[in-house]
Structures are given as structure tokens and as C-alpha cells.
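Below, each structure is written out as C-alpha cells.
Here come two complexes built around chain A, the first alongside chain B, the second alongside chain C.
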Partner chain A sequence: MAEALAPLTVFGKTEARLDRIGALSIAERPDIALASLAARRERLTSLEAAAPAVLGTALPGVSRVAGGTIRAFWTGPAQWLVEAPYDTHEDLAAVLKQNLGGDASITEQSDGWCAFDIEGDATIALLERLCAADTRAMTPGDVLRTTIEHMGCFLICEQAGHAFRLWTARSSALSLHHALTTVAAALP
Partner chain B sequence: MSQTMRLAGGRIDRATTLSFAFDGRLYRGHPGDTLASALLANGVRLMGRSFKYHRPRGPLSAGSEEPNALVELRSGARREPNTRATVAELFEGLVATSQNRWPSLAVDALSVNDRLSSFLTAGFYYKTFMWPKAFWEKLYEPAIRRAAGLGRLSGEADPDVYDKGFLHCDLLVIGAGPAGLAAALTAGRAGARVILADEDFLPGGRLNAETITLDDAPARAWVEATLAELASLGNVRLMTRTTIYGAFDHGIFGALERVTDHLAQPRPGTPRQILWRIYAKRSLLCAGATERPIAFENNDRPGIMLAGALRAYANRWAVAAARDVAVFTNNDDGHRTARDLAAAGIRVAAVIDSREDAPDTPGVPLFRSAVVTGSRGRLGLKAITVRTAGGRTEEIACGALGVSGGWNPNLQLTCHQRGRPRWDDALATFVPVGGPSGLAVAGAAAGIFSTHGALRGGAAGARAALADLGIAASLPALPRAEDAPVRIAPLWQVKGKGRAWLDQQNDVTVKDVTLAHQENFRAIEHLKRYTTLGMATDQGKTANIPAIAVMAELTGKPIAEVGTTIYRPPYTPVSLGALAGRSRGAEFRPRRLTPSHHWAEGQGAVFVEVGNWMRAQWFPRPGETHWRQSVDREVLATRQAVGICDVTTLGKIDVQGTNAAAFLDRLYCNGMAKLAVGRVRYGLMLREDGMVKDDGTVARLAEDHFVVTTTTANAIAVFRHMEFCRQCLWPGLDVQLISTTDAWAQFSVAGPKSRALLERIVDPAFDLSNEAFPYMACGGVTVCGGLRARLFRISFSGELAYEIAVPARYGDGLIRALMAAGEDLGVTPYGTETLGVLRIEKGHPAGNELNGQTTAANLGLGKMVSSAKDAIGTVLSRREGLNGPDDIRLVGLKPLSPADVIVNGAHLMTEGSPVDAAHDQGWVTSSCHSPHVGHAIGLGFLKRGDRRTGEIVRVVNPLAGTDIRAQVVAPCFVDPEGVRLRG
Partner chain C sequence: MLIPHPLLGPRDAQEFTYLGDAALIDRPDGLAADAAERFFDYGYLRDNPPGEHRELWFHEQGDRSWLVVTRNITTHEIVRVELARDVALARGRGR
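Here is the complex of A and B:
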């Protein structure tokens, strides 16, 4: 039997990338599993009723994030992406399917996306050079869909004015990372 | 001696001296100077040559409205032509060069144009260079372009970087003069999110250029106190050197921040300029006003300036434009210049006021009811001619003349959404009416010209804007300020025999407007285009209104009826670099990398960009010197053993829901409803008009779960189409869609030994035998000891083939594992070139054939359009126009002589008939050298192609001069019975 395959980050490395530029840190987060959750037609109410058993909290409303170890963020009407620690939840999609599969369509998205955690006092200054979102007005638990240099992203506010998580497509993550680090280095 | 014209005072930092060069001569100035003020301080009035007549010119203004003092700033790759010296901040080592002159600014050979001016009128080129027609492009235009034009581009790549950015606010205040500062203070204290932007590097607007007092103290004290308070407020963002250049839809404004233009060069990596997009809930335009000149004979000599500019140079920059000056005005504001200059110790030779009731300025000779009729001085003003009230002509020696024809509100931004200003007789100017929704106007921009009015208007404007947003604001205590009324008697031109300039940048004179009128270009937009009035870098800020007035006089219409041209963005020039931002070169768009990218790089793969993806095109091996050697080897290895290609780039769309099958059945023209679980089907998607949209595979993983693939290039378009169908066409169906393209690393494993290879990777629990996993089977498997994977038995090459998918992070591991496991089987990685050869050999249509203009029938796939059901495009695919007797069909082409090459785009002609469009029979869409058959092969569309098998046609490429003979064959050169792929 063939040997187990080694996972690699989008940078082709085994360790997650971390950049510190001035007072900013930009950290790749391959350790988060991701799955999509979309309510089946006319099953939203029963999905909302069943979700707390999995998430520990109700499904978040428009542009919001909710949950604990497993948390969901709103991506569109009756649609969410669900995050969980990869180490313990590599099978996140399967678990969700088991618990919510009757009411929702679920897909594995862990490797469809790539997350960067951006933290530091210059976070707003960085984001306002990159995307049209009003990041200064975002409060913890807010999520928005926006674009950065033509790349679609989800932007989650973790700490107002200071810490944000950015989800972007895996295939173009290096271009996004280039945009983040280049602009970060250009900040005054 | 340097800076001989420097006065006392001013807003310059005399503690620091800066050296700079203009036309190779070294001068000195101070921080706070502009290039124009520093040159004037050094006694330099001549700064440029005019566009058409090469007339000597100096600055007309002291601001961004400048038409004349345009220079090439900096050198080398950073050289920027047509830079306004009046706004270029002085820095140590600045290098500027005059432009549009040869050999020098003082002696310009092309000033001969000035002598030929009676020929070089508006419309001259159009009338003169009409024949012979062929001469225009090769002779006339290049010659004219050499003679005209202004600065030169460096021709080198821009070495600087530019950023873009996005800001949000409750209130955007445009302009930091008295109105803007009062507005920002009002809104800032109320806690609103405020952006205060000003194009100048020194906030304060006109207050910096005047000697007026606020609360009996110099205006500067209030400006500085206000700026200090604004800086202390976290909710106010003060942006200097920032021009709001456009008002766009829904409260969006464009702003250009010149971050480092005042430095010799930017710190490495930092942007030179930032193009901001500002989302403002409300905005207040406090952009002030621009003075306008009066047209008289030879009114364009260096030294003749706007009166307010002359005053600004003296008050703000401590510069006397000349030792003896005069003022020509039709309003009270001109007298302020005379007073301030006299107070600064400059001899004011005369004030010439066209009005009978002109006020007196003590100590200054005043000519009432008088006008300036002309001027003298070849490279700079020496004297003016005055016609007195009594009709007497008098020459007055002076080195500078301040002209004031009144002030025009800077209302351009109110017109960017097609707002039209209103003529105000009392003010003798256009004032703004409305504007984009959410935008109000205050201060001089609204036609309120007193300082008192500006301060109060700004504060009240801010309060009203915030009240609209539900934010309460109280009016701040504002200082006492002058509140002089506007007293003006319109005067647009002093009639004379010689040329009187209206638009100095485009050399448009009163005579040109008269000619335009005479030739019936009377509408203001026609006048603009016929004479070029109001075009170029200054956009006619000093020229438009006087020219409108002259046209009004000629047509006998009131000015209000003539109206203005439509002002459009940008308000002042924006460099293309700023518009491009960081989207340049390799960073023009994002690059998408496949999961095997890093591995492929290590193999020395040659990459090609496909729909933003970087795909391996071929994998050269040592000793291979030509791509064909690599590709032929990869093709043969795949046909004879096993090849691997990363096919992650093909779009993967996950389709789930109880109605997923019904949904796909409506989307694809062939049947999908009855596709069994665990099976894949080739699917053809039509557009509404019956043309083929895209093709791909549909795999049914469960009763309510499908994965469909799309072509790489159409992945996003197909997903968007499917979402549209789901949300808008059939919202009643229970279907959920999501892209999983990036989530799965997918590899094609093709060739007779593909099963043997996969059996070493797929866990033994899964039976890959032909019986257990036949052609077109699919399903979930595990690989390499339990890793979840998907396996599809599909073939693009015509060989026994699979596609295997694992989560993307394991893609690198999988390709390495496959390569290691297949070494003894002869496993070979292949790229897109080989992929192309394999599919042409097999006769599969791809992008070249699915070009948006072909039907299923054209592709030989007409039977796929099911008649047993309806789907998008089915009905229209049957329309008469798409089903004629001469329709094209996909055919294969085989050259009669094996040495001949078939080239894409070549046309197919019947033997013996003429080679012309009328006899065209079709064209070659795809071609390659087939190592399998041993010569070139092609695919193409041929009229009635399905009935012409065996016929010999000519393959003609008139562009390349080739003409070969080929036989029409079935579009499949490999295993037409499909034995291999089922084996």
C-alpha cells in the first residue's frame, strides 16, 4: 500500500506562513477546516432548529458570525460557511452531513479556501488600501464579502480595528498574499 | 544675487534653503514655495511656450487652474510632462525643464507660427491638410504632432508604485478654505466621521493668500487653531495634497492623494500617489472660486496674471512678480490686490477699473471707466496701453499686470452627474444648482464670496448635512470676518485689432470664437470641439466663462442661454499610473496555481496562462531542444503506457438538492434525469439562442448529489449561469450550488497502464476492474491508506483513463506518489500541449470549436439535443437559420503529402474553384502534429462536411502564402470504435 500523503500549504510548505511587517502580522491558517452549509428548499426552519446542537448557538444572521469551536458565518441567504479546528475536525463536512444533512446541502471546502489572520494596529490602514469594505465600522463578529485585487474574499472582524480574518480562494492565495504583504510594506 | 524678488513675510520656511534647476540654471527657494513662486522670486517670469503659436508665457495663476506655466518635472524615467509649476512643490534638487520650444525658451524657432497666426486659426488643420488623402497619416499628422504638443514622455517604464484605497465617511468636505474648515469643525465636534480634503499642501485656501483678519487677528491664527483641533479629533481625517477629482454615483468620489510628489523620490516601495475611492453619505463642496481674466490685445505676456494670483504670490509666498505693477479690474476685488501689493512695498503704477464708480485706493493712481487695450514686451511685460475714460491712450510701464474679470465658483463637481449651473446676473457668473444627490455647496463655490459668508455657510452646510443623517450638530463660535458684497460690472473683452486670448493653454483667441460663430459652430459644445477651447490639463478653468460670454455677445443671446459645456471628471489631471494602481505587469491580474504547481516547477515545466491559471504546458527533459520533442514524447508515453496531467483547473460545481437531477436536465440539452448513481455522462450546455455554451461531465455521486465539470475558461461563467437559472428561472426547485474547483486537486491518469498505476494508489478495498469500475463509472474511494478521494473513469484522450481527486492540500503528495508508484510503468507527466494533441487525435471539440458561434449539429453532436425533453436552447437550436443544407460540420483533415503542415485559421476550398470569400467552404479550427499517426492532422468546420468524407480539399492560408491538399476524414484519428477507453 502506498504511503500516506503529506499535506502542503498553499506556499508548498509544511509549516504555515507567518509575516510580520511593521506592527502587522499576517498569518496563514491551514489549521482551520471549512464546510459549506446551504438550507434545502423550505427546510430553513428545521435547519435553524437543528443547528444549535452542532454549533452550540443559533445560525448567525445576515453578515454575522456565531459559534464556538465550530462557528458559522453568513455568506448569503440561507447559506453559511462553517469553521472548525482542522486537527480535530478534518471530517467537518461529514459530521455536518450526519447531523444536518436532511435539511441542508453540505460540501467540504477546507481546501477550496485559504485563511489569513491579520492583526495589528495598522490593520485598518492595510485593509482600506485593499478593499472597499468599511472595516473601520466593523464590530467583532461582522462578516462581509468583498474583493481585493479582483479576488473575492470573506472578511471577518475578530477584534474591532485590530484583528480580521480573510478567507480567499486557495488557488489565488499567493496573489492575495502578495497584495497583502506588498501593501503592508508600503504603509507609512 | 538670488531671490531678488523676495518680499518680507509669507508662508515659507526661510530657515531652510532649497536649490533647484530650471532649464539647467540653478536657483534657490524655500520650503513652502511652488516651482512658480520660487522662479518668480528669482526674477524668472518666462516659464513656457504656448501650444500653437509658441508665444512666450509665464504663470497666469497661482493654483491648479494654471494654463501656461507647464514644465517637464524631474528627469529620467520620472520625467513628467505638462506639470503645473504653480502647484509643483519645491524640494531640494528639483529639476525642471521648459517644454515645447527649440532650441531654448528665450529663442524658439517655432515662434514663427506666431507670425503665421492669420493662417493657423481654428479649424486650420481640417481645412488645409485634406489632400492628398494619403499624406495625412504619413506626413501631415507626424509633422503637426512634432510642431505642436507640449511636454515629452520619458518613454521609460514608470519607476514608481501607486496604490488604491477606499474610505468611508458621514461627511466629505471638499476644500479646506474658510468654508471647509468651518464645516469640518462643525461636523468633527458632532462626532461624525469626517474627511476634509484639499488639493493644496497648506490647508486654509484663500485665507493663506489674503491679509484679512479674523477676530482682529491674522487669519492664520484661526486656521492653525482649527487645524490643531481637527487633528485632535479621531473622527476627522484631514487629507492635504488630495484632489477630489470626480463625483460618481451614489455618493462615491474619486480622490488623488499626492503622497510623495513633494519629495525628490518616494521611499522604496511606498506609493507615489494613492487613488482613493471615498464613499460619503453626505458631501459639502467648499472648493472656492477661480478668478477669470479679461481678454485684450496681447493679454498673454509673461507678467500678466490674475489679480488674485499676484496678491497670493505677494502674501503667501512673499514674492513680487515685478517691481512695478498695475491692476486691471471690473470689480472691487481687484482693488484688494492693489492695496495688498502697495502695503508690501511694491509700486502700484495704476489701477485701471472699467467702472465709473470704482473705489479709490489711497496712494495708487486710479483710472475709472478705463480699459487696458494692449501690452508690450517680447519675453515679458514691459508696459501696458490704457484707454482712459476720455478716450486718450496712455502707456504705463510695469512688469506685471493683475487682471480681474470677476470670480467663478468652482462648481465642476456639481456637474459631474449632469447638473447644470444657473447664471447669476448680480454676481456675473454661473452658480451651482443642486448637484449629485447628497452633495451641497458652501462658500465661494456656492457664490458666497465674503469670508464671513464662507465661514457661516460652511458651518451651516455641515449642520444641515448631518441633520439629514440624524446627527445633531451645533454651530461653532466663528470669528468675525470681512463681509464685503460683490460689486462687479461684467467686462469680458476689450475689442481691438490684434489677438486677445481667451484660452491661453490652447491658444484660442476672441478671433477663433468669432470664426467659429461665423462658421456656425455656435452651440457651446461645438465651439469647444471646433476651437479646442477648455480642453487639456486646465480644462478651461480660466477660459470657459469669458469664451461663453463672447459667444453670447456674438449670437445676441443672454449668457444663461448659451450655457456651459458639461464638466466631467477629472477636475485636475490624474496620472495613468494612479488609475492603474498596482495592476501592472505580472500583477495585472491574480494568478491561480494548481496543487501540483510547486512540483511542476521542480520538474522544469514550461507554464502557460489559461483563464488566470498557470498550467504546465510541457515538461522538457534533458536533451530536448524543441517543445515538439517533449510533446511527442508525452503523447506517445500516454498512448503506450500512462500519462498524468493536472486537470484541477476545470470548473467543478457541486449540485445538491432533491431536484438536482431535474435542474441539470433543464440545463443540459442531453438527458440527465436518469443518470444512475455512480455514473458519469458527457453533457452539452446550450445558450438560450441554441448555440453551444459549454461542455463537461456530469457525475452523480448520490441521488441528490452531482458534481459537474466545466471547461477551464468558462468555469465562472457557467457557475454564474447556473446560479441565474437556480435563483431566477426555477426558484421552485430544491437545488443548492457551490464551486469546489479549488477544493479538490484532480489529475487525469490516462493510458493503457493507468489502471495498473491507480491500483497501487487506491486502497485495496476498492475494486478497479473493468467489471467493478467500468468506463463512465465514478465514486468515492480512499487512497494511500485512507485519504478520502473521488475517482471518475472518463477519458479525454481516448485511452483507458481516469480522473482522481483528493483534497487540494494533498495534491502535491498525490502527484509525487503517482510518479513514484508508476516509475516502472513508464509514467510521464504531460502538459496542456499534449492534452491538446490527444484530444485532436481523438476528435474532441474544445475551445477552438466551442467558440460561441457553433451548434451541437455543427460539432457533429446534433443527436445529443434530446427531443424527449426541453432544456435551455433546445427549441432555438432547431430554428431554420441553424439548420440549412449548407451547414458546417466538424471534420478531420489529413494532408495528402505527409510532410505538409496544417495551420489553424487556414480556409478550406473546393478543388478547382476560385480562392475567395464567395467560394469559402470552411476553416481549420485545430491542428497539430500527431506522433500517433506520424504527420500533421487537423480538425475543421466544412460545409456539408458529414457528407464529404474522402473528398480532397485545398487548405489555403493566403496570409502565410500556403496552399496544400488534404483529405476529409472522420474527426477521430485514434481508436474510432472506442475499444481502448472501454478496456
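Here is the complex of A and C:
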């Protein structure tokens, strides 16, 4: 009998990685499903009308996040990434396709990305050493894409000045983790 | 250098890549009788005036939109930034 296949995290483990460095915690979040959502040509208005049935709220505008259990964040004009808990929404892309497939192109993204939740009073000190984003000015629900050590990342503000979520490509997640932990350890 | 993105506000130029003259938006008709000649001009000929210059920039490490940046290449002042999509639509392109 073959053993059941168990998914591995970015670090090749079965448990999510958690680093506590000083007043900071950097937590890997393998438990989030991700899908991309892009309005089809001339279908933006009908997509915007249909989206609240799935998100519980309107699609977020420029550089904003919106939703509840299923949450979307703006990535570009008429484009979003959609997050949901993996346990209950492993089929996130299929659910979106079923509800919005006529107006938008949807692709499964869960295994292409890696999320880190950064929390603590030193979060701003960490991020301002790593990227050019004005994280100090970001309010909860703000999102922007920037680079950290040449790696593209989405930066979502969860709690102003205190908690941020970072989405990065899974293929470079170890390098990003190295950058985060190295800089965190060097904070005064 | 900061580029004032029409949607996102001022963003570091490091996040952008540069393509070239915004005249590249006006791609010739590939089925025209003189298509070969027009594509030669389109591919190789560029005006290189001092002063204001319209250029295509790509916000690669941002929202991935193409911009038309009007920049004074003698003073480096950025005069105007538009979404390339809006410029193309205004010029009668389909998208």
C-alpha cells in the first residue's frame, strides 16, 4: 500500500516554519490557498457586479485589500489575487471559476507562492531596511508590490506599523526568508 | 529618480524597465502592401530630439502596467505620465 502523499512546505517540512527574532515573529503560512483573477476584455463591469456574491464585498480598488474568509487584493488594473484558508478552500480556483468564470480568467496559484506573516513592533524597522516601500504610511488593507533583495513581493498591511503579510514566489522563498531573518537578527 | 505612476503615485525608478520611444505604440499594419518597408522604419528609425521625449516604461516590479512617460531628456524632468493603454485607446487601437 502506498502511503498517503503529504504536502511539504517551502522548507521541505510538514510543519510551517516560525522564527522568533527579538520582538519579531516571521511565520510561514502554507495554509492559504491562492488564485489569480483577471477581468476579461470589456467584462470588468459585470465582474464587479458578480464579485460580492463570492467575496462578500466589492472587489478592492487600487492598492487595496477586501473580503472576509475569501479575500482579494489588487495587483494591477483589473487584476487581483484571491486568498482563502486552504483547509476549507482547497478548490478556491474552481469555486471562483464557477461563480466568475464568465467574466474573468482565473488560475490556481497556491503552490506558486509563499506567504510570510511578519509581526511585532520591529516590523517597520525590518521592512524599511529591505524595501523602498513607505510601510510606515500603510494602513490596514493597503497592498503594494515592491522588491526585496531583487525579489518581487506583495506587501499587505494587516495592522499599521505592526503586522504585514508578504507574498513572494515560492521558488525564491528561501532566499527571501534568508534576507528577512538576517536583517531581523541584525536589528539594533 | 521617482516616476509618478498615474494609479500608484510616486514610485522608485528601480521598479521600472525602459522600452523606448512611445511611437512603438503605432505598430504598422502587417498586411499592407509596403509592410516590409514600414516595419523597417518601425524597427530601426527613431527621432532623437533634445527636450521632451515620450517613452514607454514598464512597471515590472509593481502593477505591471505600461506607461507613457513624457520626460525632458536634457533636464530629466518628468512632465506627464499616462497609462499606455489609455494612450493606445485614444489613438484608436482596440486595446
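Here is the rule we use: the second predicted complex is superposed on the first by the 184 of 188 C-alpha atoms of A that agree within 3 Å, B and C clash if a C-alpha of one lies under 4 Å from a C-alpha of the other, contacts with A are read in each partner's own complex, and residues count from 1 in each chain.
Simple rule for what comes next: contacts are C-beta pairs under 8 Å (C-beta built on N, C-alpha and C of every residue); 3 or more make two chains touch, one makes a residue touch a chain.
Keep in mind it's a predicted model, so treat the numbers as computed, not measured.
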Chain B versus chain C as contact partner of A:132, first or second or both or neither: both
Touched partner set for A:76, first chain B, second chain C, both or neither: second
Dominant contact partner of chain A by residue count, chain C or chain B: B
Partner chain in contact with A:49 - chain B first, chain C second, else both or neither: neither
First, second, both or neither for A:18, with chain B first and chain C second: neither
Chain B versus chain C as contact partner of A:41, first or second or both or neither: both
Chain B versus chain C as contact partner of A:62, first or second or both or neither: second
Contacts of A:175 with chain B and chain C, given as first, second, both or neither: first
Residues of chain A at both interfaces, chain B in one complex, chain C in the other: 41, 79, 132
Residues of chain B defined as touching chain A within the complex: 161, 163-168, 193, 269-271, 274, 277, 279, 582-583, 587, 589-594, 597-598, 612-613, 648, 654, 656-659, 705, 732-736, 738-745, 760-761, 763-764, 783-787, 806-810, 812-814, 817, 821
Residue ranges of chain C in contact with chain A within the complex: 7-8, 12, 14-15, 61-65, 83, 85, 95
Residue numbers on chain A that touch chain B, as the complex places them: 1-10, 12, 30, 36, 38-42, 79, 104-113, 128-134, 136-137, 149-151, 169-172, 174-176, 178-179, 182-183, 185-186, 188
Sites on chain A touched by chain C in the complex: 41, 62-63, 74-77, 79, 132, 144-147, 152
